[in-house]
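Read through the structures below before going on.
Both of the next two complexes hold chain A, though its partner changes from chain B to chain C.
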Partner chain A sequence: MEMTENQTFTERFDLLGCIQCGRCTGGCPVTVRTNLNVRRFVYDAYNEELLEELARAAEIWDCTACHTCAVRCPKGLKPLEVLIGLRSLLVESGKTQPSVRDALESVFREGNPWEKPRATRSDWMEGLDVPIAQPDQPVENLFFVCCTIAYDPRVQVIAQNLVRLLKGAGVNYAFLGDDESCCGSEVFTLGEEGLFEMIVEDNTELLNGYQAERIVALSPHCFTTFRTRYPNLKKPVLHYTQLLAELLEQGKLAFKGGLAKKIVFHDPCYLGKQSGVFDEPRRLLKAVDGVELVEFDRSRERSLCCEGGGGKMWVESESKKERLAETRIRDARALGADIVAVACPFCVLTLEDAVKALGYEEEMRVVEIMELLGELEVDQDKTNPA
Partner chain B sequence: MTEKPKVGVYVCHCGINIAATVDVEAVTEYAKGLPNVVIARNYAYMCSDPGQLLIKEDIKEKGLNRVVVASCSPRMHEPTFRKALQEAGLNPYFLEMANIREQCSWVHEDREAATEKAKQLVAAAVSKARLLEPLTSREVDAEPSALVIGAGIAGIQAALDIADAGFKVYLVEKSPSVGGRMAQLDKTFPTLDCSACILTPKMVDAANHPNIELFTYSEVEEVSGYIGNFEVKVRKKARYVDVSKCTGCGACAKECRLAGRIPNEFDEGLGKRGAIYLPFPQAVPAKYTIDPEKCLFLTRGKCGKGPKCVEACPAGAIDFEQEDEIVSFRVGAILVATGFDVFDPTKKPEYGYADYPNVITGLEMERLVSASGPTGGNIVIHNGEEEIVPKDIAFIQCVGSRDKSVGNEYCSRVCCMYTAKQAHLVKDKIPDARVRVYYMDVRAFGKGFEEFYDRVRREGIRYVRGNPSEIFRRGNKLVIKVEDTLTATPLEDEVDLVVLAVGLEPRRDARKIIELLRLSQSPDRFFLEAHPKLRPVDTATDGVYLAGCCQGPKDIPDTVAQAKGAAASALIPLARGKVAIDAQVAEVNEATCRGCGFCVSICPYSAIELVTVNRMGHMVEVARVNEALCKGCGSCSAGCLSDSIQPRSFRDRQILPQIAALGGTR
Partner chain C sequence: MKIFTCIKYVPDTSEAEVKLNPEGTAVDSSRFSFDINDADNYAVEESVQIKEKHGGSVTVVSIGPKQSEVMIRMALAKGCDNAIRIEDERIAAYDPIMVARVLAGAIKGQEFDLVLTGCMASDYGNAVTGVALAELLGVPHAAYVKKVEILDGKVKAHRELEGGLMEVVELTLPAVLTIQTGINEPRYAPIRGIREAQKKELKVVNLDDLGIAAGEVDANASHIVLEKLYIPEVESKAEIIEGDPDEKAEKLATILVKGGLV
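Now for the complex of A and B:
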């Protein structure tokens, strides 16, 4: 969403380009459980007098920013951004939910939405001997961790296992350490435009300041945000699955030990639909001996959103209908999958909750690909103590 | 130049197009003071009869010998004013135009500045006009024959018209049979005529016409020359069947070891053929062809103990020694009628075309309802579990059309109506079927179209306004995720069959024709006509014409109308027997040319060659321009190191003063 002074709401979101075809609402995953009809907002927001009222509609907070509406729109509109534009009207007037306000304030003060101190951002590295990037030292792969992976004990393992694996593969890399700060993905979707602008500026300066060949993001949210909303970032950005798939192809990475499991991969919206990375995570899973990879009927471009994005981590939905994550887990169960593999920290959290809610903990688990590959590394150490 | 230049300047108002922004009175007054200007006038429409008359009378009465018209781009009206000069007895090339519309009034708002700019443009034109020389255009003979590329309904119709007018036509078709897409259709909207019934007679006529030489399974390989005199090379691909012996009995195809194992292109892959095949029963010519990419003998050098087709053929027609053949001929005009491809729905993966056998394209539907199709006209499909007669059937319009996300912004113009037609045919064959059409707008613009749309709705076809976003599976049903936008209700509609109304796209192999004939493309990537309104069948290359869907999506009536138009245009040079060659082309000063050949490599039209001449007893190489090919673009002139090649009317000594007049210094 470009910020241009003096643009009306209508101009900014190209509302006049809309032909009311309904593809946005047709594809919107949350319509099965909430009242959100994004097309109606695109239609109604044309009337500037209605904007304030529209911004008070509860359902604008049901959007998960999956971007399906934007990907499908035949006229190049980004309907979700209309919802975010309305959210920002509310944020501006200071009338947001306390949870949202706290998350945004935490990003502003501590560089993360989880209300954790900036100084503990690198705690996950303890005992790992992680190389920290220096502005005067060239580095091939500069990793960007993601606030959730850095602080949430459930998913820290993603970063930790990645470090262990990189060491073995002889890759030149470094992490940012305590200088790292939120990419702003969720700040953007929560509608705090001013803060997001500031974050983009700061991070662009920070990242351009290193002699890195490329930036490798651990979370699809950071990955896509860097790719699409950081116009001045000078380095190419990859998702870590792309890097690992590349190493695999170059023969620099091989997994020892096997895993005789039926795995279904869930395409995260930010990785798949929004960034077109579909094959790399699958290639990684297929490289593991014994893995039987099965597919959801709704996979790849048709993947069903888990409702983890769009600031939904801080906004409870009022709907009592089944969560999409639960629908997803039911589908996985019907496929007889032992493992639902994902490549996104948010998907881990939402899908794991769904497994618990449905009482399937015995039958299946949800893992991030890095978790799974990490387990193989451990196996390997056991069998070949160096 | 002996005569002293006497220049007349005519400033056009172009209604208010120029006059609203440029002070035409001031420009006229200014022009009067320019050197050699004898008279300056302004007038509402210089291109009108009275406007031209002003010029003609002044030429006669005031003895003008140079004319400057300050008006629009020369593209449209240079010929108009040249003609006026000629009619007044003046050499038509004593005209210079100053473009004060496109290059001035249309692009500026500040009246004062625009007026100043118009004055400068006029001054520049006057300085050049004084230096113009008389030129004469020539005529060359035109070959009384035409090449038609592509034998769909457009190519067939155009070929028949030109042939009926008494000229020879070479009709070149890439596939083994003529007929194009129309041959694949079942019935045609809005009248529901059977497509084969109206097309087959024309296919046969084209093949049998004494003036038409038909090349099927052939491609144009090379084209050189210019309007009236094109040299053409055609590659007749080896069929591995001697067409003079083949009787079309089909014994070979029955015996082929691959019979029934190769998806048949004509049936959009729904039916199967062998390696030796006839694309469809009514194919013209009714001769079999061996698919060299599939045939076991041709790909592996071995087919069992010996090719079964050879054994089976009672006529001894099969010939594995056959080779491609190159045929050359000359034509005066070329008509391009290469048609279209349908949109590839795998580019919209959300519709699951690649995943579900019961998501099909409109073209596949044509084959499915056709009595000559793979199911004999019975609508049976596989739903992933079993073969069924679908009862819940949904059509989705605008697939791959009007859609920026796949790069096709245009409307394909036929899919609304073919969907209506197919919905009708389905309801006709499965009366208890529940048929719905998902649309965003219904475009029923043609003759009889709205009436047909009305009829189809009243037959019980439900039109739901909403463009679906996604298709997935639930049990043995397909679920369409869509919003009914009229009630703002998101729906999950469960159906047995989805038909995607795929749009029309430029052919995926169009690049070859573009390069062969130097065609341009419009933003929609279809071939570009010379003018969107006034020259819809011509191209930027003289003597090359367009017909049918290669120029843009259209239905059969429009295709046929355009084909007839293109045929009429192509007939002009053939009937006249002569074509005019522009005089404003490059000229070589053989005395100074060093024969370096640099210009030969620069010329984008391959109009220059090196020839040996006798220069005072020495044999030297110099450049020579083929005036019929030269477009006067001036590239050669810009490149020549010794200033020896220059376009007439655009010589350095003519345009440098003009440029100086614009810059204000000399």
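Now for the complex of A and C:
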């Protein structure tokens, strides 16, 4: 969504490239529960006089930025970005929902959207002896934790288990500590362009300042944002499931004991359809003895969005119809799954809420892959650190 | 309408454990985030809304460190016109009367119609600065204001009282209003606006610049001596009162009377 000052809205989003085929709306997952019709917005936004009115429409906040519309568009357009552009008009005028305002102000002041102090960003590391990266020391894998994993007690376990596992596998790695700041994924989708530009500039300088061979992101949101919206980032970026799958392949990682469970993997939008990482998380799950891996009908690039992205953590839809996360959990139950495995902190939070809302807590768990692997011991005999 | 809006940079104590320094004389603020005092944020919004409706200008006044300029720039981005930041270590900043004297010194001698402050700061919780400021400026005031109506040479202020009552008072201008949270919905200051606001004037001054004698606002001038800070011990005790309603009521009444609570 790069733009120059003089571009019109139409030029910026290539609105004239749209042929109104309807593949965007035909695939949009939220249309079953909201009035959002992205094709209409793409059509109407051509009329510059209508922009202000369109920016006031409540539906523009229903988009979860899952990118299904972009994946399906035969012209290679990104209809969702038209909605984000409309959100920007509102944000730039200062008229945002209070929850959005507070999240954005928190990113600006403290480097995270959760209104937590920067000074407590590394509290999750307590008792773990985590190596902190130094600009003058080379490191193979520089980890980027994510604000949600760093601060939310429910998902801190992702980072904590990863550290334990890395130690066992003899991997060279370091974390950023309190210097880490929000990647801006949700700032971008909430439409705060100025803040996002500032974040990209600051983070690029920070990350390029380390002698790291690669950056490994724990959240698919940071992963995809770094990959696609940081043009000057000099290091390759991986998702942690890619690193672990690589260690498996190299024989540097194996798990002791088994888990006789039926597991269904839910492809996070930011990992799967936006970054093409489908197989690595599955490989990790299959590496555990006894695991029976089953598949959703809507899997891989057709995966059903959990509605956690696109800034939706801070915006409630007006719709009272069943949440997509609940639909997803019903599907998992129909498959007879004991565990819904995910690889994204937002998916954990939304899908787990759905399990609770539906009252399936006794029969089903939602876990992040790292949470699950942490419950197994790393097999030092089978593991062969180089 | 010429408005002065006084704001304060305060720690957010809700998200980090409160610890004291070893001497027990100050709160260790190293793990807190700092931001504009909540009520002051509403005062900023109200002043900008008044300006948008009636014209004029808004000057932000704040006593605080260099780091607080982020907060001041955000207020300027929201529509305030210029700002004065007062920094001087000699000010006994824990004493709201001393703070009011400094603020009065910054405002006195300048033309103004309204001074807005938050009704209370979330750090010390005195709720004194605004009303003391009115006294020092020699103008009327209304505290805990939930609605403002500007009239000809007057202001109608709706005050929130105990028990949910609203009191409506009319004050002649100039006047001081201390603003209660919830009076409006503070707007967002987009980053492009904050960058744009770099062009607005932010004057940094000390007591000498303001012509205030340090001896009037320092620790010696203050009637407050901070002896000791401590974290209250957490205690929990619960007693379930058994019996039929009459017995329960009697037992409860006995406990309350014996405990000196009624």
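The rule we apply is simple: the second predicted complex is superposed on the first by the 377 of 386 C-alpha atoms of A that agree within 3 Å, B and C clash if a C-alpha of one lies under 4 Å from a C-alpha of the other, contacts with A are read in each partner's own complex, and residues count from 1 in each chain.
The criterion applied here is as follows: contacts are C-beta pairs under 8 Å (C-beta built on N, C-alpha and C of every residue); 3 or more make two chains touch, one makes a residue touch a chain.
Model, not experiment: these values are computed from the prediction.
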Q) Between chain B (first) and chain C (second), which, if any, makes contact with A:11: first, second, both or neither? A) neither
Q) Touching A:39 in the superposition: chain B (first), chain C (second), both, neither? A) first
Q: Could you look at A:192 and tell me whether it touches chain B, chain C, both or neither (first, second, both, neither)?
A: second
Q: Check the residue A:117 against both partner chains and state whether it touches chain B (first), chain C (second), both, or neither.
A: second
Q.
A:297 in the overlay: touching chain B, chain C, both, or neither? Say first, second, both or neither.
A. first
Q: In the overlay, answer first, second, both or neither for which of chain B and chain C A:26 touches.
A: first
Q. Is A:108 touching the first partner chain B, the second partner chain C, both, or neither of them?
A. second
Q. Considering each complex separately, which residues of chain A are in contact with chain B in the first and with chain C in the second?
A. none
Q. Which residues of chain B touch chain A in the complex?
A. 349-350, 352, 355, 398, 402-405, 440-441, 465-473, 481-485, 488, 490, 492
Q: Spell out the part of chain C that touches chain A in their complex, as residue ranges.
A: 12, 15-16, 30-33, 35, 70, 74, 78, 185-193, 195
(Q) List the residues on chain A that touch chain B in their complex, please. (A) 19-28, 31-32, 37, 39-40, 68, 71-76, 297-298, 300-302
Q. Once bound in the complex, which stretches of chain A touch chain C?
A. 91-92, 94-96, 98, 100-101, 104-105, 108-110, 115-120, 192-195, 197-198
